[in-house]
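The same chain A turns up in both complexes below, where it pairs with chain B and then with chain C.
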Partner chain A sequence: MRIIRSTCAFAVSLGVLCMLLPTPSRSASNAPIKVALLAATSGSAAAAGHDMVAGWTLYWSEHGNAVAGHPIVTTVYDTNSNAGHALDQARRAVEQDGAQMIVGPYLANEGLAVAPYGIEHRIPMFFPTVSADDLSQRQANSFIIKVAGWTSSQTTHVAGEWAYEQGYRRVMTLANSYVFGYENAGGFAQTFTRRGGKIVNQIWAPLGTTDYTPYISQVQAANPDALFVEMVGADAVHFLQQWSQLGLKNKIPLIANETTTDQSNIRTLDPALVEGITSFGHFAEGRDAPATRSFIEKYGKAEGVLPSYMATSFYTAAQWIGQALETVHGDVSDPGMLLRAVRDIKLSDSPFGPMVLDQYGAPIDNVYIRRVVATTGEAAKYAKTWNVVIKTYPHVSQFWTWKPSDYLKQPVYSPTFQGYTK
Partner chain B sequence: MSARRRWIVTIVAGAALALLLPHLGVPTFFVSLLTQTWIIAIAAMSLDLLIGFVGLVNFSQAALFGVGAYAVAIGATRFHITGFAGGLVCGMIAAVVTAALFGLVALRAEGPGFIIITIALNQIVWGLAYQWVSVSGGDNGITGITRPPLGPFDLSSNTAYYYVCLAAFALTLAILMTVVRSPYGLVLKGVRDTPRRMRALGYNVWLYRYSALLLSSVFAGTAGVLFAWYNQFVGPVDLSLDQSTQFLIVTILGGIGTIYGQLFGALVVIFLSNELSSITQRWMLVLGVIYFAIVLYAPGGLVVLVPRLWDRLRGKRVAVVPAEHP
Partner chain C sequence: MQFYIQNALGGLAYGSLLFLIASGLTLIFGLMRIINLAQTSFYLLGAYIGLSLVTHGWNFWLASLAGGIVTMALGLAVYSAFLHRYHADPLTSLLLTLGLTLILDDGILALWGGDPHSISPPAIFAGSLTFGTLVFPVYWLVVIGISFAIAAILFLTLQRTMLGVMIRAAVDDEEMTRGLGVDVNRAFYIVFAAGALIAGLGGLLGGPITSAYPGLDGELTPLAFAVVIVGGMGSLGGALAGSLIIGLVNAFGKALFPELSYFTIFVPVALIMAFRPQGLFGRKL
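Right, the complex of A and B next:
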């Protein structure tokens, strides 16, 4: 009896205490800057969530968790890989905890759910991994910036051109049947067919497929010059294993998107399964440049593995936002000023390479043709294989060679619009 | 205090608190969470009508809820149905039509068969939302839904919308409580407990089940519409099997066969999942243990547990009234 009574009394007093806690004022000269980091630390994208937090914290711990005398207070909110929950967490961050900016989440659908809320509440939103085309195209908004981020079809536009130049004429695509897959495949199909190539067939596999054999046999039957493939997370791992086991690895060339051979996937696979695969990305952990090399060494020391593009995006985003906060002397009271400062930053070099933002809030940066090879030197301590750069396409825009106004007249890529007439 | 007086006092105090809360200086985030609680409670009450009074464990309640949400979203973004009444009617009709189709298939079975069929039906609707990109926006869902004004009232503020959802909750509660106490409700209970006897007495068992499913879908659809306006976003997650399971958990925690108990279920689920996730990364595990404990130690749900704890707190020892089980 007494236990129950005292428990209840404790609970009630705790509740009252929570309500009485003072809200800190924002005016003080060294007031903390409150950052809400939305990351999936549970649910299907939990591994990515871990990397995001790791990248972000690595930068800030190097820089004393402060900018211009203002401490940076980062709170991680778990989105549970669920768009609805991401929105709840954004509400909590802004309305209850007084967050002054939102960084993350990870998934495109989470970002799209959070975006209208942030715009309505005039909260700057920085999306280092949310790559949905429309967030920097048809639904672009001054409060949304893909800081150190990317646009799904940005890298695959390059892939289409490159595939044609390699002499491939009949190509098949295999992608997951959700928006990221449609945009990856669409970018490839549009530039490839514009040059004169032919898309033999496009296969959409549900996200979360564990057995890719039926899809791979379709590819085998059609025997295309090459296969364009988009896979994420566990799907990538399953696909790469089965592709090799069914004996196609050295028969039909793969043109993989960025996520398929991301370090987070290839580190779990036998080198024999992945070595030699060509892919396209805005990040290559094996890029031979001081900014990339020093980052992967720091990250390796801290985490014991080579960074994924997610970790790198959040590290670079922290660097980018940190520089912008310097220029406004840590004053985040005016979101417009902060957003302008972020837009004006130009990174002459970063782990990704040089990066600037276009007027739609998407980065213009390098796209790399990458190849998976065995690691060498310092990196060999942390991984068996990595992506090295074969060729660099500098200064690639999300609109590739189109004029933005022309490009935006076409609809966003979907199963019914892949940039060519069938 | 007599049981009846205690009831009246509790209801009046609860209503007064609910009405005054946004003006008591509570953080707006709590007002948001409470708004969400009213909406989820409406959906759970609609499910309780089926589970508690007809004996149909419907796993496709999220589909009915989500179809309502998608209908208002598509209506608003494609067909310029932007009024309050228009949106609401749109969502209700979509939910009722879906339920009418579901009923034709699912009500051919009973018990576990019914559960399996409703799981499959829910997955079909989810699959449509996920893959029929040109209509549903696929995985990205639909954004750009604005809350319409209700007559002269602008609902864009959290507080105004809180009252709309509170009113919808109260109205649903009143209607469903009346229904389950009406002669129709008594027949439903008969159908739940002794379908063969009811059949022998000349009642069309199938029709009663079917009509209850349609009635339930009206409220599930309403909750979906309110949820779409609340989030100003609709996505496949809103009609996923996870969402159906959440409704089921709310219903069971609250107390099956009570209708009003779902309010407590919704309060606990919404607040716990939001508060715990800010305390620990392992919040799902903690949540699971709490649900488990409630089901194990208070099988009648929170409506049984709360008064019992209250009496204990006041040092009274009363006989525990066994919960009414379907």
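Right, the complex of A and C next:
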């Protein structure tokens, strides 16, 4: 009985105490802004996850981890490189930890898994690396913004045009058999064939292939004018190594997508294997411009290596979101207001170059023809080779030269739709 | 023609690497009924250790030997601390080695980071041989040669030495062998150590072909098991034949039916399971 009475007394006094305390207001001048950073810190994409976190934290540590007087509290949630796990983590971040926005994840399938959840719960989602075409096309939504991001086929549309102008007429494609590979190859195939080029054959290799020599021997047998190639992570390393070992590097020209020669891959490869390779990307760590130079030097000092495009995307996303938070004075209570502020930001220069968003939430920015060469100057301290700019295509939209309404009538790129009739 | 020769050589090189992993797997299972899932993690750990030593100026061959010795020591430690209790208990030992795999994977990720690391062959073997339009990396021939040499050493040990006699006897009938006064436990330690040594050694040797990155072990494990199933549990000759078959099927399957590449590897496995469950060289079940 005594126990019950004292428990009641305790409960009542607790209740009174609670009533006496002022209710915390979301617009309090120093309320923290809670950001959920979904990144794979384990699993197959762990290296990318590390870079994403490094880019994001570099920006915020430079800016005192605060914006307009509000501290930025970033929590990193490990997605384990797995779509199901990414969704669980998004749920945990929003429902248990009260995250007010989601930045990341990395992989297209993780992004596709998280997107419906965020839309349903009205959580702004910023995808700096998830490039799946449809997230800013047929499934575009005001809650999804590819901040400092890209669209898979955006860079390869340019590559198709360029390849034709180089005089290549018979080209083969080799890409990984998943969304990113289909979209990269599709963008290339559509613009290349539209100009009059011919796609000889398209090979889809499973992601995670160690031995590319059987695929390479098929390319060798077909002897095309050039090979368009899309590879990610360890697959890129294997492919580039075996391409060179089989003596094809100086025989059949490569037209590589952005990720194949990303700094995170070429930094581990012998310069002889990669020097001279041409690729297409929205980022070039060797771009000779103040915004890029100063970023790679800061990143080099902090991490001891040159940044990958993943690290750069998250650094620039932090800068972008930071500016938007500045314009709303750190008030994130209304997601619509924050999303509008993010859409209105125009970066006149960033490590990527100038960037603005189109009405579908995808960036319009530079696409670079890049070449792998030996590093010079300050950068030589951090890497042996890097991607320098050969030519800049300014202000490239995800729709290239098509009218958005026309482009959206065609299906998204897949093994059965590559933008041309076979 | 060139297409076939190219793929045949590539398949042989890849298959001979698989042999370095599968030989330990099959012997350990044949002798102790332990399914050592960590065999491919030993390979990966050996590759990373070797790579670190090479970047510190070590000789390539010494570095791969050192990688093998480290994994051997690790294998022995795990065996004597935990695994020796679970002979003939495949489920417990499977879980134990699965746990070891997870620990090794996360340890590797923490120590070496997640970037893929390419490994260059020693400079004298870095070139390619060219016959007309056929190009073949010299180092692949070296890998094939080394694997066959290791296979020969293993065969001679099993067939011609007292230790080999003891191991073969214990594989056939452990109880009877013990009854005859043979120290079977000593053979267990030696086989487990040899399995870990060869896999760890293979890590850097195979590095120029597979490179080193987190998750490589998980990709090799199904292939190594396919080899063991095709060749027959506990049979070294089976492991050699199985490695070459899987290596060649892998190469030609990918080249001829690129969209079915995972499927083609498991076609021989399915055929063996259906018509000869004990494997090509395994004892009748």
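Throughout what follows, the second predicted complex is superposed on the first by the 396 of 422 C-alpha atoms of A that agree within 3 Å, B and C clash if a C-alpha of one lies under 4 Å from a C-alpha of the other, contacts with A are read in each partner's own complex, and residues count from 1 in each chain.
In this text, a residue touches a chain if its C-beta (ideal position, glycine included) is under 8 Å from a C-beta of that chain, and two chains touch if they have at least 3 such contacts.
Given the structure is predicted, the values throughout are model-derived calculations rather than measurements.
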Inset, instruction - Assess the superposed three-chain arrangement around chain A: do chain B and chain C clash, or do they fit? - result: fit
Inset, instruction - Applying the touch criterion given at the start, work out whether A:S294 contacts chain B, chain C, both or neither, answering first, second, both or neither. - result: neither
Inset, instruction - In the overlay, answer first, second, both or neither for which of chain B and chain C A:T376 touches. - result: neither
Inset, instruction - Scan A:S177 for contacts with chain B and chain C and give back first, second, both or neither. - result: both
Inset, instruction - Could you say whether A:Q410 touches chain B, chain C, both of them, or neither, answering first, second, both or neither? - result: neither
Inset, instruction - Scan A:T213 for contacts with chain B and chain C and give back first, second, both or neither. - result: second
Inset, instruction - For A:L112, decide between first (touching chain B), second (touching chain C), both and neither. - result: first
Inset, instruction - Give one of first, second, both or neither to describe whether A:S42 is in contact with chain B, with chain C, with both, or with none. - result: both
Inset, instruction - Please state the minimum Cα-Cα separation between chain B and chain C in the superposed model, rounded to the nearest whole Å. - result: 5
Legend entry - Residues of chain A that lie at the interface with chain B and also at the interface with chain C: 42, 177
Legend entry - Contact set on chain C toward chain A in their complex: 2-3, 6-7, 10, 14, 106, 109, 113-118, 120, 128, 130, 133, 135-137, 139, 208-211, 213-216, 219-220, 250-255, 258-259, 261-262
Legend entry - Of all residues in chain A, those that touch chain B in their complex: 1, 4-5, 8, 19, 41-42, 77-78, 80, 82-85, 87-89, 91-92, 95-96, 108-109, 112-113, 115-117, 120, 132, 134, 139, 177-180, 182, 414-416
Legend entry - Residue ranges of chain A touching chain C (in the complex, touch as defined): 42-50, 177, 203-206, 208-211, 213-215, 217-218, 220-221, 233-234, 236-238, 240-241, 245-248, 264-265, 267-270, 273
Inset, instruction - Using the touch rule from the top, collect the residues of chain B that touch chain A in their complex. - result: 26-30, 32-33, 36, 130-131, 133-134, 138-141, 143-144, 231-233, 235-238, 242, 274, 277-278, 281, 283-284, 309, 312-313, 315
